[in-house]
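Each of the next two complexes has chain A plus one other chain: chain B in the first, chain C in the second.
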Partner chain A sequence: MTEVVAPSPPPSPPVARAASGLSRRLDGVLLTLIAGAVLLWFLPVGMGRYGTYVLTLWLVTSIAVMGLNLTLGIAGLKSLAQAAFMGIGAYTTAILGTKFGVDWYSCFLLSGLLSFAVGLLLGFPALRVKAHYLAFVTLAFATLVWLVFRNEQWLTGGTFGIANIARPTLFGIRTDGALAFHRFVVVVTLVLALALWWLIRSPWGRAFLALRENPIRAASLGVDIRAYTLLAFAIGSAYGGFAGALYSPLVEFIDPSPFALSASFMLLLMVVAGGSGYQLGPFVGALVAVALPEWLRFTGGLYLIVFGVVVLLLLIACPQGILGLAERGWNALRARLGAGAAEPSR
Partner chain B sequence: MTRFTRAGVFALATTLALAVVGPATAQERVKLINVVELSGAGATAGTQWRNGIDLAVADINARGGILGRQIDIVHYDTQTNPGNTRAAVQRAIDEGTYSVLGPVFSGPIGASMQIAQRAEIAQIVGGEAAGLTRQGNQFLFRTSLSQAAAMPKLATYLKETVKANRIAIVWVNNDFGKGGRDAMLPELQQRGIQVALDVSTEQGQADFTADAIRIRNANVDAVFVYLNEDESARFLLAARQQNVGKPMIGETTLLGARVIQLAGEAANGARGHVGLSIDAPVPAFQDFGRRYQARFGIASDHNGLKGYMAVHMIKWATERMGRFDRKGVADTLRGATITPQMEPGILITTRIEANGDLDRESFLAEVEGGRQVIRSTLPMIRP
Partner chain C sequence: MSTPAISQRAATATHRTIVRTHAGMAELVAYIVAGLATGAIYALAAIGFTLVWQTSQTINFAQGEYVMLPAILILAGVSFFGLPLWAAALLGGLVFVAVFGAGFKIAVVDPMIRHGVLPLAIATMALAIIMKEGAKDFFSSEAQTFPSPFPAGAVDILGVSLSMQHIAIIAVAFIAIGILQWFVSRTRTGRQMQATAQNPGVALILGIPVARMVMLTFAINAALAVLASVLVSPLYLAKFSNGEVIGLFAFIAAIVGGFNQVRGALGGGLIVGVVDSLAAAYISSSYRLAVPLALLVLIILIKPEGLFGRREERRI
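Here is the complex of A and B:
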């Protein structure tokens, strides 16, 4: 597998070796992202609208998980508010699009910007509280946002939601069809994933990592803890907003239920199940949470129970997520073959 | 060896014969897919709806099916999530469902109704929110009165029978409760009834003590209760414990069998308007209620009745056309009046308006001695 970073053991190899190993891994991530996008462009052909819809929903969810992966998996800040940011993006797009006729691209950018700004504000408590306490702060925020979605009917439609959300047009080509919209989402997802790929391998990404591994040491090396904590929250939140901006036209209807606290827990589960800190982890985690229940429908009324058991077993078997398990297996294989045994797994 | 070979040849021949006959048999069946809330916030209502459908399918299949074809029913859970509902409805259409059944909650209906509309397939839903049938969707059909139809009857009842001038409203803050409250407020205003206390409650709320105390301390003539069945029962229990002592007026969800079962003695005295009830003075409803109880071990609420009628609406339309025609089902249902003489499974004369709304007789009822007693029958709005 091709991962950028893994949570343990803590990275402390010599700089040159790390740079060489890192660049090799990053190239692998880049190739996987591009190859995956090409595959996903053609995959739905002949798949039917349902299969295409599930694939698109998976990608949209992956974007939100990418953001949470940055906040939690890479910067180590525990957030339970990602679904709320997704909701902020979804409602921004839906309200501006349906009530004010704003085009989707502007809605998309504004959704990301608004989520970024709100994430920045939410980041301030993160400067004062850590770990579980931070999770509680974000939990309270998520509940508050959900109440606004539900109770401010004049703006959000309340429990009745907002219907008939239009899909975007690209160079005069409408994306109303399932396949056209899927391909549109593939392109947007690729752009956002590449941006994150670049961010993580930039000095900013290394600062985020330092923030997670040892904030005091990072501060002693000149990393502005305050700024990077806020940025980690804000960028992760913006990705939630971008996902919401795609979710609205995908479902063409929104109400508060997909952005409730339980949805934030599901997004957290996706980060952990995929592999917290791995750049491809969000895609794997979202696949587990979005596609697996659909595949398990053949079990009839038991499908959610089976899903719960599978996730439970998965987390017991590989607490570092699926990609963590894959990396462990890969390293074990390499050690057995005598190649690269000296290099620590990361 | 020879005998074994003969047996093998026989088995092969049988398999081949079945393979040839198989497709022909498949043609004799009709697939219906029900997309409904079987988990999440809507699970109680969705499970009743599914049970009603299962009972209808069993009845229809036992009587020879629709135009000789047996029904294959498949249920897909929506998790009460609009995104999942949309996926499930899309899957139902991709898998060739004859019509879409469900969902019951209005939000998930709003998220999925465009898909059935684009595919030109009838979608028979359990939702009651007034806005659903105001969007010009020619393929969406209700199975119960909309809130816009039920609330004027209740407001008149409050004014003329209960003689209430100041009331408290207790409603559940979901699309059902909010929709009912919003439809009720203008009706109350028209009749000069003042809403002295407006109490919003949560879906799944367990403790209504604080709400009951607020109502007890408010100077009101009656309480209009618009909650889902389980919450209605909990509220009635809390109101009894806090000696609220005001008339409890509500809709089907306050007077249903499940509420009486859960609230016990505290349900006595609750009264109001009932659209579909297994206790209504309609023999077909009561017979349905007995058979439902026997099969599933619980009493049916209005959602069970709605699910049962939904399948029979499709059956009636198909038999009326004399052929299987997906688009034709919607065309035939629109504007139709179905009587129990035409289709016994419809249980009560039902007129389907051009926009998918329904018109039926309904009832004024009261819970007395642990049973729902019908006081009077209200005629159809446009008989």
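Here is the complex of A and C:
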């Protein structure tokens, strides 16, 4: 896939300690991913159209958050434009699908590819200056992209959006129904999550981790900082594009509002709330942001304010996110039971 | 500007051009003054943003909501408790500084800052949601008029008609910033605050009460937000969603001016205000927002430390 452009892997993994602790946990990640996919395949039976929709939306959001987790949690770069990349993917799929009749699979690949390319173009000048300027450049980019979505009516339909986006067909089976499309998304999410799982275990992934932990040391060990930083950002952005390509057929209608700057902030919030750097963190974070407002429906018009309070309290209680808290609790439990030395916390 | 007054009925094409140029110049000056007025308000927000960032590494993504909320509190004081405007303003301002200055620092910043910059920045995003939705749910989802503390009308200066309100806003903002500058550079407490901003560790060793200084910057930030809110709300009306744009502009102003300098935030605010005002007048209104953003990207590419900022040494 996209890894073809990667520079040659570094000669030795610079974060051997972190990696050994990591690989043990990653096997748990692999098992959880597969078991979760099986569970999600059957879960929505009898949940109704809307329940299934929310479940699918959670998975689609998780894909975008996974990409941002690679950018932020693994490589330590702050991007404020993930929703804009999702928008690029969503509009690419919607425009090519409705106006040119391109099949969904090509749209999906093009969405990811386009987001990857835009990520490279955006990251190159920003990262040339200094890593944290990426946050400012992506902030400006997210707003500019949203302006284009809203103003270029001839292409994007402006605020009226694009309707009648078709759902994909798999081996001649149409996925028009909510359940069929949900299962389709489960498979795509699993494939993308496994690709990322493999990437993070690979020498490239270890180089990404080295960037976050100690860039100067990574550089002195022969990691080309600029190339890897750029690559991490572009792959993370491509996942945003993939998520967008699934979002269009899920909602079957898109307009600019879900891709505004505040949506990018929200995706960042999900990474941190779930547990930045944890591979399963994106699923937990996206669950908080997608499902919690649904569960808070009983509060009526106040659900957003309650959501804000819950997230604020959650962050104050566990700044490392829910999985960070879970790991701390797990380690404390193991230490108390005397089952060997606790894993060093990252 | 020095063109002598020419009759509107001037017959020749040349004369018509001069008249148009003259009118164009007057218009341009009026747009610049309007831009300076909103820019001075952005500067107030950007200075608070920079102060808090410098002393405690807190990136406050709720800064726009900080400017939105005080006006709502004041209006709520008038309509719910029947207070006279001045009393509502005083009470609203004090409550805001206590809750969103001191309270924010104690309840949110103190427990989180040990865990790095990012979780705290995300927490301020959640705070922004709470403030915005709170203003909408508990006060009003409609834009409310906010009484202007300044006389309406226009004054004629050198043949250019300028809004009294704009001039008064610029004057008040500059006086406030002047007092702040005096406080920071001339008083003992102000210098202690500056030392805390520059190097908290060394400041602590020198016996400066660092914790109290950090608290002071949060209070000053909230107070500046109250002032900005009172100045901006008569222009833009008081509405729960105002924070989005104001926050974005304050953020841009801080970066354009130089993220580590108070005078940078002032310069950045004024530049961004004028650029935005001119963009709205002379470039399509649908892409108005793109111009300050393009300026931001340009500054990052050619002078990343900001127009008035100092180059930071690379830390190893």
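As a convention for this text, the second predicted complex is superposed on the first by the 316 of 346 C-alpha atoms of A that agree within 3 Å, B and C clash if a C-alpha of one lies under 4 Å from a C-alpha of the other, contacts with A are read in each partner's own complex, and residues count from 1 in each chain.
Simple rule for what comes next: contacts are C-beta pairs under 8 Å (C-beta built on N, C-alpha and C of every residue); 3 or more make two chains touch, one makes a residue touch a chain.
Predicted, not measured: the structure shown is a model, and the values here were computed from it.
> Going by the contact rule set out at the top, does A:213 touch chain B (first), chain C (second), both, or neither?
A:213: touches no partner chain.
> Is A:304 in contact with chain B, with chain C, with both, or with neither (first, second, both, neither)?
Touch partners of A:304: chain B and chain C.
> Look at A:133 in the shared chain and tell me whether it touches chain B only, chain C only, both, or neither; answer first, second, both or neither.
second
> Thinking of the overlay built on chain A, is A:125 touched by chain B (first), by chain C (second), by both, or by neither?
It touches chain C, and chain B stays clear.
> What residues on chain A does chain C touch that chain B touches too?
Dual-contact residues (chain A): 150-151, 301, 304.
> Taking the complex as given, what residues does chain C use to touch chain A?
Within the complex, chain C contacts chain A at residues 61, 107-108, 111-112, 115-116, 118-120, 122-123, 125-127, 129-130, 133-134, 137, 244, 248, 251, 255, 286-287, 289-290, 293-294, 296-297, 300-301, 304, 316.
> Chain B touches which residues of chain A in the complex?
It is residues 48-51, 53-54, 57, 150-151, 153, 158-161, 163-164, 178, 247, 250-255, 257-258, 294, 297, 300-301, 303-304 of chain A that touch chain B.
> Which residues of chain A touch chain C once you look at their complex with the stated criterion?
Touching chain C: residues 72, 78, 125-126, 129-130, 133, 136-137, 139-140, 143-144, 147, 150-151, 216, 261-262, 265-266, 268-269, 272-273, 276, 301-302, 304-305, 307-309, 311-312, 315-316, 319-320 of chain A.
> Could you list, by residue number, the parts of chain B that touch chain A in their complex?
Spelled out, the residues of chain B in touch with chain A are 38-39, 41, 75-77, 79-83, 86-87, 90-91, 93-95, 106-107, 110-111, 114, 129, 131, 135, 173-175, 178-179.
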